[in-house]
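Please find one structure pasted underneath; my questions will follow.
By written order: A, B, C and D. Residues from 1 in each chain.
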């Protein structure tokens, strides 16, 4: 067994940039701080590799926590080629794009009183219920614009919604032509609204029809990389997309608050993904355990600083 | 502020039954041990309430860890009216029902060597890749039996698969007429096989068409209860199903390895669900944090002991 | 890479004993459920190995949660030869032995109101402050009985306290002649009371003088085993005690709610301890991640059932 | 129930400083990212409050991970008045100060081979065993310089060690006259060496004698604040020091990877500490859950940037 480089004690400088700090974490190099620094190196390589198709997986309640701005920014800078999201993040993105807001609240409060005051809670974030009235009007209008009787892929539905908004994740993705996959759309307020619409209207949304484009893309991609925020459906959906091809992801970074020993895929290490062939045997890959409301901004700020040079 | 009952020091008896142990945990009553004991009380009340529709949410890699047997058993005893599962658990259920096996392995090993030996890893469980060959043949045969050109709901697809198997979760659910919802079916090997079939065959699977039955059931149910293993899509899909109705769940138990402070729904407390109206203000509800491979067997063994009396 | 035994789906029987359940977990064998089953096998071997000195490490707020009864029981059955505890657990053990009680409370409440009502909170356990008045009187009386000017080892202090009580951990240990180590005694209410006494009285407590007996015991022990609840000082103090000898622990089980990736010893795997020689290269050792208020009662109930046969 | 400020979506700027990033986290304000931003506000107020005595608690294996440099820096800038540490961190600080190094390694490796190669592992950090030979020589020499027969407080021992080193935590603390408390010193390699020395030499180390100075300081302090890294003995020892006085801490920040629902003090919220009177009812206090190898550098870099202006 061999020792690697020595651990350097972290040295801070008042006013240092985020990437200066990240480089200190790299020299320290231990535990999740070290993993985050390795993630920055991998994500920098991934974003600057012109042959790599860039996937972004978005799980966890990230938009209500203000992390949606980072995703929109990455989209507008051209750093995301395929976005896979939970339905909830897209629901909250639409809510923000419609001008409704999430608010700072408290995680220790009376949820019964919140209910009486028509405020929904997401840990320490409050969302007044009237946001969903606005949301409902928007979705019903949007669905009414579809051709009755036609079957739509989920990505098509998302692009149509994005085109009707003027900022946020769906809007930016639509503007850039980036497909937004949302395999579990039924498991969200968007899904409930689609069901409501289908009670009178006549549209059909096919659960599988948008997978062909994805798998075609995987087949033709020279290389692929993924930044995964949280686990859930987006992580597996992205990683499994490569299973139908002879190759795997060459770059992979996961930022997650889960843990591996419970067996669930959300907390599984990316090494485990090598056994399945989802990522290649020699892929540059790292999992950073921690709250993505800290690790995502640090990672992206550091890497943007590097590649903007 | 008032104190409740005194904490009683746990007293163990060699040979004690699982429910005897659970009652000791109840008298101690603290931390997650106390929460598990409250979960047993709630689940007992839920299973013995004839007016309550019983939901079961299955996330996490539970079937590869041997927990599928508990779900099948609950189904055959009539304790589950609606099952909502990840696609992965159903994939592994089919694999086991087809006679392929998962094996004990190690979490600390070379995933590159596993890949070479065609073994897939799920934390410390190994699954030889040839299981997927068998699985693929089964799914392709099953899909070929469908009417070309017709659109199927996901629950219909699951029932059809269950009818072609002779044991396990899908088989037992089909035999009992229990609907199996799998909103994120595209995010699983079942989904990949459906896509593969759709390249030549002509079936369509509608993402929303089975939601009507679910929401109708929620409307007509006098009361509802849910046992949620893990979080993910099953947790939210079950809880949101009540949002279209004037009522909420009256009983709810979640066993999860996640944590609340990261904001994700998987780790959110059930109290948070009260603010949304997903569960009622006075619902009997508790979250037990821990590995469900320990808490689920203890919970179910204790409650079966109580209601079998 | 080779596969082990197949995963058996768990089969529950109403009325089954705790060890019957444990044996089901063993056949499933995955994640922390599998680890707990291996822990039972190891602890059974450790308790039935007449050549093995049995250490027990007690960290975490276990006594306020009712887990002290298990420790007292193991002591009275002769299954603990050396106990290492945090000062807090011994403080709460004394409080209970003096007839004061801990009470069921709520983790989500106003701590400012609790303060006004003179109730101290330990997650969801409440302890009225007057318990500490009783405690203070007991400790001051006990210290007054010591010879002024003499220097005491910490174990001597603990034995003296135990002799003045009639039930609980310290009392049972004193009755059985089991030494109770508490290296961080200054970090507890016992420590604060000792300091208070030392303002007028004249005793001295030596930080190191009881280590000789411990290390002598480690030198002469043919074999050694350890059950570690939580991490903290007890875990390291027990494991490091073997560092001065040519051997290491042959059996080790840790039940902890920590996690390894943060680098702290409390969450470190027992494999890591092999690199230091704290446990032997071929020691039977396993870490079970989870809340010890669930895993400890299950483990001990199952093993007592086995060895009482 | 009232909503606070709206959540602002995070906006990143390539080249932004660490405090610019922290201010973005403040505007987002949710989950642990929001908590970290509140921690920065509190720590800034604490460091700039001339009436506040500043405590620093150091648990977890922070020095092997390169975080010791931050502690030394805070000491040399005068931002720590009292340091409370585990014995392990001080052991590793001495090792680094003696010129021995920790090295980057792997968390997934053969610990048996590491043992054969005489390398000790701390998660993904390697420490060759010969560092302990150097360490042993240093400690034995240092102890030999003490007056035989005299009783030393632990802080005195630590100051003496610090004076014999020329950089690092103990050295800087000694140079600045900052007392270093290490209540569980017996639970460390320093403790083992003291025991070894005491076999031939004649020194005595009193477990309680340095508490008087600490409690006197607490009595005379107008206000007090604490930055707690990890939990363990340092957290409790610092917080309990105020219990003998009529006041409590006015500022408190804890960075921890533990969790509250397990009941242990390490993961307990600081709100819980209000019920005990350890912190005041209106103290500015926040707990940030996550790996301190990420949160500590971010926190300190942001606050140094603010107060260096």
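Keep in mind that, in the parts below, a contact is a pair of C-beta atoms (placed from the backbone, for glycine too) under 8 Å apart; a residue touches a chain by one contact, two chains touch by 3 or more.
The model shown is predicted, which means the values in this text are computed figures rather than measured ones.
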Original post:
Through what angle, to the nearest 5 degrees, does chain A rotate to match chain B on its C-alpha atoms?
Top reply: 180
Subject >> Chain pair with more C-beta contacts, B-D versus B-C >> reply: B-C
**OP:** Tell me, please, which chain's centre (mean of its C-alpha atoms) is farthest from the centre of chain B?
**Re:** D
Original post:
Between chain A and chain B, what's the gap in Å when you average each chain's C-alpha atoms?
Top reply: 25
Original post:
Once you find the CA centre of chain B and the CA centre of chain D, what distance in Å lies between them?
Top reply: 43
**OP:** Return the distance between the CA-based centres of chain B and chain C, expressed in whole Å.
**Re:** 35
**OP:** Could you check chain B for residues that touch two or more other chains and list them?
**Re:** 30-32, 64-65, 108, 114, 119, 122-125, 259, 261-263, 271, 289, 291, 293
Original post:
Contact residues on chain D for chain C in the complex?
Top reply: 59-61, 64-65, 88, 107, 111-112, 114-115, 119-125, 151, 154, 183-189, 191-192, 194-196, 198-199, 204-209, 211-212, 215, 230, 232-233, 236-237, 240, 243-244, 257-268, 271-277, 281, 291-293
Original post:
Taking the complex as given, what residues does chain B use to touch chain D?
Top reply: 30-32, 108, 259, 261-263, 289
Original post:
Taking the complex as given, what residues does chain C use to touch chain B?
Top reply: 1, 3-19, 21, 24-25, 27-34, 36, 64-70, 72-73, 96, 101-105, 108-110, 113-114, 117, 119, 122-126, 128, 271, 289-291, 293-295, 297-298, 300-301, 304-305, 307-308
